[in-house]
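By written order: A, B, C and D. Residues from 1 in each chain.
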Amino acid sequence: MADERPRLRTSLGRAELDRVLVRGHDLAAELLGSATYADMVVLLLLGRMPSDGERRMVDALLVSLIEHGLVKPVVAARFVYSNAPESLQAAVAAALLGAGSRHLGSSEWCARMLQEASAADPSADPGAVARRVVQEHRVAGDRIPGIGHRTHAEGDPRADRLLEIAHETGVHGRHCQLLESIAEIASSEAGRRLPVNVTGAIAAIASDIGFRWQVARGFALMSRTLGALAHIQEEIDEPLSDELVRLIQQAVDYDAEG
Amino acid sequence: MADERPRLRTSLGRAELDRVLVRGHDLAAELLGSATYADMVVLLLLGRMPSDGERRMVDALLVSLIEHGLVKPVVAARFVYSNAPESLQAAVAAALLGAGSRHLGSSEWCARMLQEASAADPSADPGAVARRVVQEHRVAGDRIPGIGHRTHAEGDPRADRLLEIAHETGVHGRHCQLLESIAEIASSEAGRRLPVNVTGAIAAIASDIGFRWQVARGFALMSRTLGALAHIQEEIDEPLSDELVRLIQQAVDYDAEG
Amino acid sequence: MADERPRLRTSLGRAELDRVLVRGHDLAAELLGSATYADMVVLLLLGRMPSDGERRMVDALLVSLIEHGLVKPVVAARFVYSNAPESLQAAVAAALLGAGSRHLGSSEWCARMLQEASAADPSADPGAVARRVVQEHRVAGDRIPGIGHRTHAEGDPRADRLLEIAHETGVHGRHCQLLESIAEIASSEAGRRLPVNVTGAIAAIASDIGFRWQVARGFALMSRTLGALAHIQEEIDEPLSDELVRLIQQAVDYDAEG
Amino acid sequence: MADERPRLRTSLGRAELDRVLVRGHDLAAELLGSATYADMVVLLLLGRMPSDGERRMVDALLVSLIEHGLVKPVVAARFVYSNAPESLQAAVAAALLGAGSRHLGSSEWCARMLQEASAADPSADPGAVARRVVQEHRVAGDRIPGIGHRTHAEGDPRADRLLEIAHETGVHGRHCQLLESIAEIASSEAGRRLPVNVTGAIAAIASDIGFRWQVARGFALMSRTLGALAHIQEEIDEPLSDELVRLIQQAVDYDAEG
């Protein structure tokens, strides 16, 4: 019977009686006290420890999306907490549920575009690949993910700084070059600035470190877990929810004929 | 009308046209490239930057719960992802939803116990406070949170290492002493080892750094967000879910008379 | 090895090659076309089909909490949907996450209070049991769940109507009597009306039908799943989220010194 | 300032001091005691009350997906509940999170296909529209949603029964005809039976009643909320989770070299 069944396997970790193993390392003896959270991001997702530059870069990626004021996911978290304070984890989960296609998902689409375009033609000049990518999106009538920004039209300072750090840390590579070329070509075609935005920068940099596009959105999730916790703690001390929902109810008319 | 309405306020952050502010810091100019994820945990939740020792300690807290093999929350995350791969965030959220009272919540109860006992009698000797706490739990017939462990009866190596790092980093203080005294007294009364466990160590150390008991569970949430991401990535490459659910269905009898 | 392992069992259902069994019934042949949603609530949770009166009563319980305007859970659902429209289920889930202790959980505490008080003294007069319950809460300084209402001080018309239907359908029994006595005694002691509220009525009626207190909150969850769907559909046609979050951001000051 | 702001509006409901309005109806006075859950599905999502036939049909749609044994979403719900029993709503939410594109989402894709094909050519013969739909999917290399089934190759008895009830209740219309034609043509082209499956039948019938494809998945969500509740109640009485997770951990090897 064992023969018929596929071999089931995990390479991530195991809890044993006297130790916990993570990717082959003894958690207590080898990792606690020396590994940082950013190290663990690389170890768990890439199976290796980062260089010093990569560690600094991963921390910058994690920090860039932690806090953005009272955006929808943190309001959702506050509202859930306000009704279910016994369940901190549910309020944080509600914040994560809003990390979807219209909010943070663009880092996923952008990383996918960069990784697939790059893999399809690994020896080609980034500029040539970029021209092809821009043309394909033009023909299909699709928006290019990772460039342009509604509120920061002149460029998102977070994106610029992340790309600068990518140079400083030696992480800046083929995917960053490709996205920068894409932004340049698309801006020139559109006749207005379409700079690399923050989710684009995260996507390109994560790709250059070696992260797969499927988990690019994960950086936002780790950031937002912390951001949601901070908003929930503030909600405990100075609750906003009741007043905000009253504001909403006053602003919205009920019209049964609608 | 403005007068009647309470002043609504957040001190966490705001997105402006050309910059994002976090706790008064310009995110791109001041934090990106210098602040680590652990720094941001302290900045957002405590409103200040950590010392070097605190940063190392916070990283150790975050690392200690990241991975524990195929526990229930990561299986839930894999199952959700397997059915809804378009929604990475929902799968991670499912993992967080299981961070409840029977799994990781004990860090919250333990931190509350330590902070309330300590605050009630701030000048008292930790040993005296510990005796009172143990006695109160004995009288009420309540289990003391943060000590004892089902699988690691001889002591959880993660807890021991965390407390060691607390000494190394100068973080070890009143709450750690209190929990260690409680463990000692309770062990002596019970006639068997009831060592500080990993959620207890996290609770005591987080309390000594200054975190409030209400967010102590948050360390587990940040850890598990990363842990869930790693399991989901593995599920993409080598799916286990279909085989695991088949295993479950074979193991469980249907009995309508039940 | 089979001997060592406990027997694992479900009595709910099984999918076979050519049929699906639910509580011993062939779903397609016996239930589809004849059973209503309310029937299935009773079949799945109580293991039997309802009487006509019980069916009407269960429907009334399910209907009573479906819609209450722009309350926090539906705003959370709209905000999640607005960011993640590819994931309808996540937006509905966010609405459910807010069905917690401060919002709808009181039906659970009330049902528990009624079932435990009633079971402790099954032959006692409801009035005598009610006096004991009120006294115990007074001594402990605890609020009695299921009575009193912030906005409907003169009585919640939904509660009155539910109890009326309980009489009409023959469902009204020991638990309803007990809660009505509790409300009367507590009102008289407090010197102001503390009428049975809607979650209290649901709790008492569900208890009289035979539902266990642990799933009393479930009626609200089934209701709110539908309510959230309706709000999400409206959000698709006439989105409110962007405007509501702008309203919130304008109303809340950022004050880093906070 | 009011002029600049768009008018914000909901037509679903409002809670007033002495009554709750739902789609213009007084909830307590008009709906409680007469409206069933299925009635409210139609009232809230379509803005009108159903005919008797539609009510019976909607109940059948709701009943068809309630229970399917130990599938992934209910195992996820049990695992979440087992760790966080204080948060019933989170366990139910976890079950809903798994109602995604690979599991129940096909009802959404199928309803969209039927509604768009039908709207594009409202006066055309269903057979002609069906041929065009099948051809378009063949050319694009896409699977047709709503037909074919992995386990019920000979046809899903639930789908057959639902379509039968659609005839009995007078609901069977253009969208059902279209899907049946599609299934016939696709089967003939494929040289093997590709019958309408249960999510396809739900999609076609919901479309014929007037529901929009965007909320077709909602029937599954209402069903699964109840199904999850039943599994959680069973988990309270006869917990399976600890044993199931042990089974999983024994079946999966840890291999750090993976």
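Convention: contacts are C-beta pairs under 8 Å (C-beta built on N, C-alpha and C of every residue); 3 or more make two chains touch, one makes a residue touch a chain.
Only a predicted model underlies this, so the values are computations on that prediction, with no experimental measurement involved.
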Distance-maximising chain from subunit A - centres being C-alpha averages: C
Which of A-B and A-C has more C-beta contact pairs: A-B
Inter-chain centre distance, subunit B versus subunit C - centres from mean C-alpha coordinates, in Å: 31
For subunit A paired with subunit C, centre-to-centre distance based on mean C-alpha positions, whole Å: 37
Centre-to-centre distance between subunit B and subunit A (centres being mean Cα positions), rounded to whole Å: 22
Junction residues of subunit C - those touching two or more other chains: 8-11, 13-14, 69-71, 84, 86-87, 89-90, 93-94, 97-100, 238, 240, 243-244, 251-252, 254, 258
Interface residues, subunit D side, partner subunit A - complex: 7-11, 13-14, 21, 23-24, 84, 86-87, 89-90, 93, 251-258
Residues on subunit B engaged by subunit D in the complex (per definition of touch): 69-73, 75-76, 79-80, 82-87, 90-91, 93-94, 97-105, 238, 240-241, 243-245, 247-249, 251-252, 254, 258
Footprint of subunit C on subunit D - complex, ascending: 5-6, 8-15, 17-20, 22, 27-29, 31-33, 35-41, 44-45, 56, 59-60, 62-64, 66-71, 87-90, 92-94, 96-100, 108, 151-152, 154, 157-158, 160-162, 164-165, 168, 212, 214-215, 217-218, 221-222, 225-227, 229-234, 236, 238, 240, 243-244
